[in-house]
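Okay, so chain A shows up in both of these, paired with chain B first and chain C after.
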Partner chain A sequence: MSYVLAKSQNNEIHEAGECGGAVTSILKYLLDEGLVDGVLALSPQDDVYDAFPVFITDSQDLLKTAGSYHCAPTMIGDLVQKYFFDKKVAFTVKPCDMRAVEELIVRHKINKDNIYMIGLNCGGTVSPVSGREMIDLFYEANPDDVISEEIDKGQFIIELADGSEEAVKIHDLENEGYGRRKNCQRCDVKIPRKANIACGNWGAEDGWTFIEINDEKGQELIDGAKKAGILETKSPSEPAVEGRSKVENIMIKMAKKNQDATYPLVSEMDEWSRCISCYACRDICPICWCFENCELNKPYFKDEANIPPLPIAFQGVRLSHMSFSCVDCGQCDDVCPMDIPVSLIFDKLQKKYYNRTGYVAGVLDDIKPPLYSPEKTEL
Partner chain B sequence: MADDLKIVGLLCNWCCYGGADTAGTARMQYSPNIRIIRVMCSGRINPSMIFKAFQEGADGVFVGGCHIGDCHYDAGNYKWSRRSKIVEDILEEFGIEKERFRHEWISASEGEKFQRTMEEFHKTLSKLGPLELK
Partner chain C sequence: MFEIKHTLCPSCSVGCGINVILDGEEIVGTFPYKRHPVNAGKNCLNGRNSIDCFKNKFENVDLTNSIADASNEIKSANASDVSVICSGNCSVEDIAAIKDFAESNGFNIGFYANDLKNFEDVASYDEIANASKVFVIGDLLYENPLIGRRIVHAKQNDAKIYALSKNENAVTFNIADEISNSSVQEFLDKFKGEIDDSSVVVFNYVDEAGDLDKIESLNCKALPVFSKPNTKGALDIIDSKSADEMVELFDNTKLLLVFNDDVVDEFDYDFTKISKIITFACCENDTTKISNIVVPVKTWLEQDGSFVNAMGEVQNFNCVIGSDNLGIIEVIGELNK
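Take a look at the complex of A and B:
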């Protein structure tokens, strides 16, 4: 594990990128050298609240994916598993993406040799709808005029078309029920250390990207990009490294506080009576890869006459299948048409499982969740 | 009424099912509330089976397997014992008392332990009364 500061040598990319443009440069390097068949990245749509994943095979198209999109939370692991199993593909990962990918590797649904994971440090994401509302309420700007957003130093910062910036403390936004998505507020994995490299602006100087190199593949990546003349690097100063770990620790501390605050029992929540059995939470779940053959679709569990379903016969079954591997990506909350905070219970059970076994989904080097190992141990 | 309590028992073919058989052939008396389902190994029991039993109106679910080290398939009961913890964790969330779910290692010769366990479990459930799921 080592640290470097990196900056793109390509002016266009450096302009478009979030800090040093290193991520886009590395992706470009991978494509140009033919190391991957394609790059899976987020491409912004009409405004900053919308972006969708695109599969890029021509490095010219990479430029439009540069920059950060906190308002377009997407799950990459699921896509790689479904559509790119036998392709060599590079993609960027938030910590939850990385955890999902790791869990899917364990389940033989993603081939580790085929992928390059470029990690992005993540302080949290914002749901597009509440993001819009929040800007309308707490900022003086019109949500449609925002051309870019950034989370830095505990503030959610928006930039307007005329170049002016506005910032509001995330803490204040979250006190009012806005700000980052709920699962991000309680997420305590901020740096994706199982990705090949983890990039971000924490501890970086202006115009540079701070990169933590996590494994040999990551080192080769940086060396290669440097050799190809697309990346410039230097070692970060001691205070920069410290500053970065300080940011991380503050974030984790905040997350722990939120974890303590919010975990009601299912039987105490009346939200579950709103369930309409649409299975959207299951279909979007990156860990639930076998949904075509899902137990919930078997005649003995399929119960179309009873809506809402009995929570234990619906979420209970899903919980028993994968809650110990829940990466708390919050996709189930996002897709639920009835706004049930589904991820709460999954995350809670993952934490319970952690307390029993020490297993954290997609972060440790364990080969499998201990539940399925053939080992002769009791809990 | 305590006599109406329904207990679903999932018993492993090699040990606990034999234990129940031993209790039967020795004409040991125990409450007749248990409905036994024979499975080949406690390691083959999914948590969803337990939930299904509760959903269908069971007031308690009992799982019986071989003693640790005696599994006919080497490690099935270890797997079950780890899985049972998840079941306990999940049941708690859904407001089902953890006493309604019980598992025990009973060998084929332990007819008496089977009898005793059934009596105890029935007593516990009688105190709790019928399960009301919501």
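Take a look at the complex of A and C:
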């Protein structure tokens, strides 16, 4: 592992990108050198609250993906496994994306040799609809006037079209039920270290991106982009490295605190009684990859008389199949029409599994999925 | 080429947004549309399965021949024997064209809104969430989950929930303070004294037309929730008929033209009594199976248009994929030649 500060040598990208445009430049290098068939990255749609992954094959189109989109909590892992298995593809990943991809790699659903993972440090994401509501309630601004947003130094900061900024402490927003998504509040993986490189502004000087190079492929990327003349790098100072580490540790500490506060007993959760068996949680889960062969497709789970299904029968199947690999991405919460906090229970069980085995989904170097691992046969 | 595009869910009148995933010329999946204000990326199973109609499009139907055959049949029939069935599955633009087509040719027109009707001032979804009492007629949590979610929010805001359903296992019962399996009239009579201006009545069925008048006379807002995406929009354009009136129309029809609907599934009627049925549909259904001629038309994914959702918002949708078929407006243009 090593560190560099990096920024784009391309003026347009430097201007459009976050923190000097290093990420966009690295993606451009990969495309221009033909190292990948395409790049999968978030691109804004109707406004800054609305972004989804686009597949880019021409580096000229990368500019529209530049910048940060905290109000677009997407998941890239299942897209890569379903639609890009045979392609050489680079994509940006939050820690939960990276963890999902790693879990899918060990299940042979993604070919590690085909991918470049450009990690983005993540302090959390905000759901777009509640994000707009939050800005309406807590800021002196019209949500439609926001041109960019940022989470920095414990604040959710918005920038308006006139160049002005407003900031409110994340803690205050979350106390009122807004701010980051619940799963992000308890997530303790803030830097995606299984990605080839992990990029962010923590510890970085203005106009530069702080990059942690995690493996040989990551080093080759940085060296290649420099050689191609698109990336400039320099070594970060010791205080910068320490500052970044300090930010990470503070965020992990906050997450642990939230974990301690938010794990109820299943039997105490009356939310399960409104489950309508729509399978949205299963279908969105990046770790659930059985598709048509899923046990939950069996006729006895299709009986309308069993709606709502007993949690132990319905969620129990999924819990037993994959909770040890839950990456706490919160997608199941996001898509549940009944607002059942599904991820809470899955993450709780993953943490129990961690307590017994030390296994953190998508972070450790296990070569096989947990229940197939010889070290865990006693379970 | 992999692409994600915004569209609307066509599976009921709630008006949820949904993203579809394209891989080249195929629609291969759905993706949450989290920015959409109605559903914030949440879709029910029907919504996520709505792309099946694209996957099951008619193949091996000669469009030119089917339009020519349909045109010949229509031109050789007496106008008074022809009935046009319009549907809440059609866009606002299609419905206007269908109405114009029927009227200009002197055909009868039939439109069924599940015995529900337009209310002048309907409750918004936010008003449901903020009501102090919500009277729920139908298992909305299960059948229209993204309105059901607003009822859950009302419950979380300490509202009292009164639920009526014919299904004794209704999911809505699980969050309700009062439950009933009675008739709509008995339900309304029983709780009439508790309904005030901070209440909302939300319903997806009634037993009889009189129930609608009763709901309308209450001192609170109401929200009828339709089973089709644009029934509300259609009601703004065409007067609906009751089930009995529809049956009477069928009885007096020799040539039935069905636009994007499945009357065989919807009505307990012997459609073999009608001499000829021509269906304009995007994919197979029970009506197309018994039709003499089927003219394939574009799915909502293949054209621009608009739906009016249950609370009256006009929502536009854009074409997300090309098509060899014609839209209803274009087919009508061909029929009018």
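Criterion: the second predicted complex is superposed on the first by the 370 of 379 C-alpha atoms of A that agree within 3 Å, B and C clash if a C-alpha of one lies under 4 Å from a C-alpha of the other, contacts with A are read in each partner's own complex, and residues count from 1 in each chain.
Quick note on the criterion: a contact is a pair of C-beta atoms (placed from the backbone, for glycine too) under 8 Å apart; a residue touches a chain by one contact, two chains touch by 3 or more.
In this text the structure is predicted, and so the values were computed from the model without any measurement.
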> So, does A:Gly316 touch the first partner chain B, the second partner chain C, both, or neither?
Replying inline: first
> In this superposed model, does chain C or chain B come into contact with more residues of chain A?
Replying inline: C
> First (chain B), second (chain C), both or neither: which does A:Asp223 touch?
Replying inline: neither
>> In the overlaid three-chain picture, which partner chain does A:Ile307 touch, first (chain B) or second (chain C), both, or neither?
In response: second
>> A:Glu15 in the overlay: touching chain B, chain C, both, or neither? Say first, second, both or neither.
In response: neither
>> With both complexes overlaid on chain A, does A:Tyr49 touch chain B (first), chain C (second), both or neither?
In response: second
> So, A:Leu349: does it touch chain B (first), chain C (second), both, or neither?
Replying inline: first
>> Per the contact definition in the header, classify A:Tyr83: touching chain B only (first), chain C only (second), both, or neither.
In response: second
> Following superposition on chain A, which residues of chain A contact chain B and also contact chain C?
Replying inline: none
>> Show me the residue ranges of chain C that touch chain A in the complex, using the header's touch definition.
In response: 1-4, 6, 19, 21, 23, 28-29, 31-32, 34-37, 39-45, 48, 141-142, 145-146, 148-149, 152-153, 169, 171, 174-175
>> Which stretch or stretches of chain B touch chain A in the complex?
In response: 46-48, 51-52, 54-55, 68, 75, 78-79, 81-83, 85-87, 89-96, 133-134
> chain C touches which residues of chain A in the complex?
Replying inline: 38, 40, 45-47, 49-50, 52-55, 57, 72-74, 79, 82-84, 127-130, 273-276, 278-280, 283-284, 304-305, 307-308, 331, 334-339
> Considering the complex alone, what residue numbers of chain A touch chain B?
Replying inline: 265-268, 295, 300-301, 310-313, 316-317, 319-321, 323-324, 345, 348-349, 352-353, 356, 370-372, 374-379
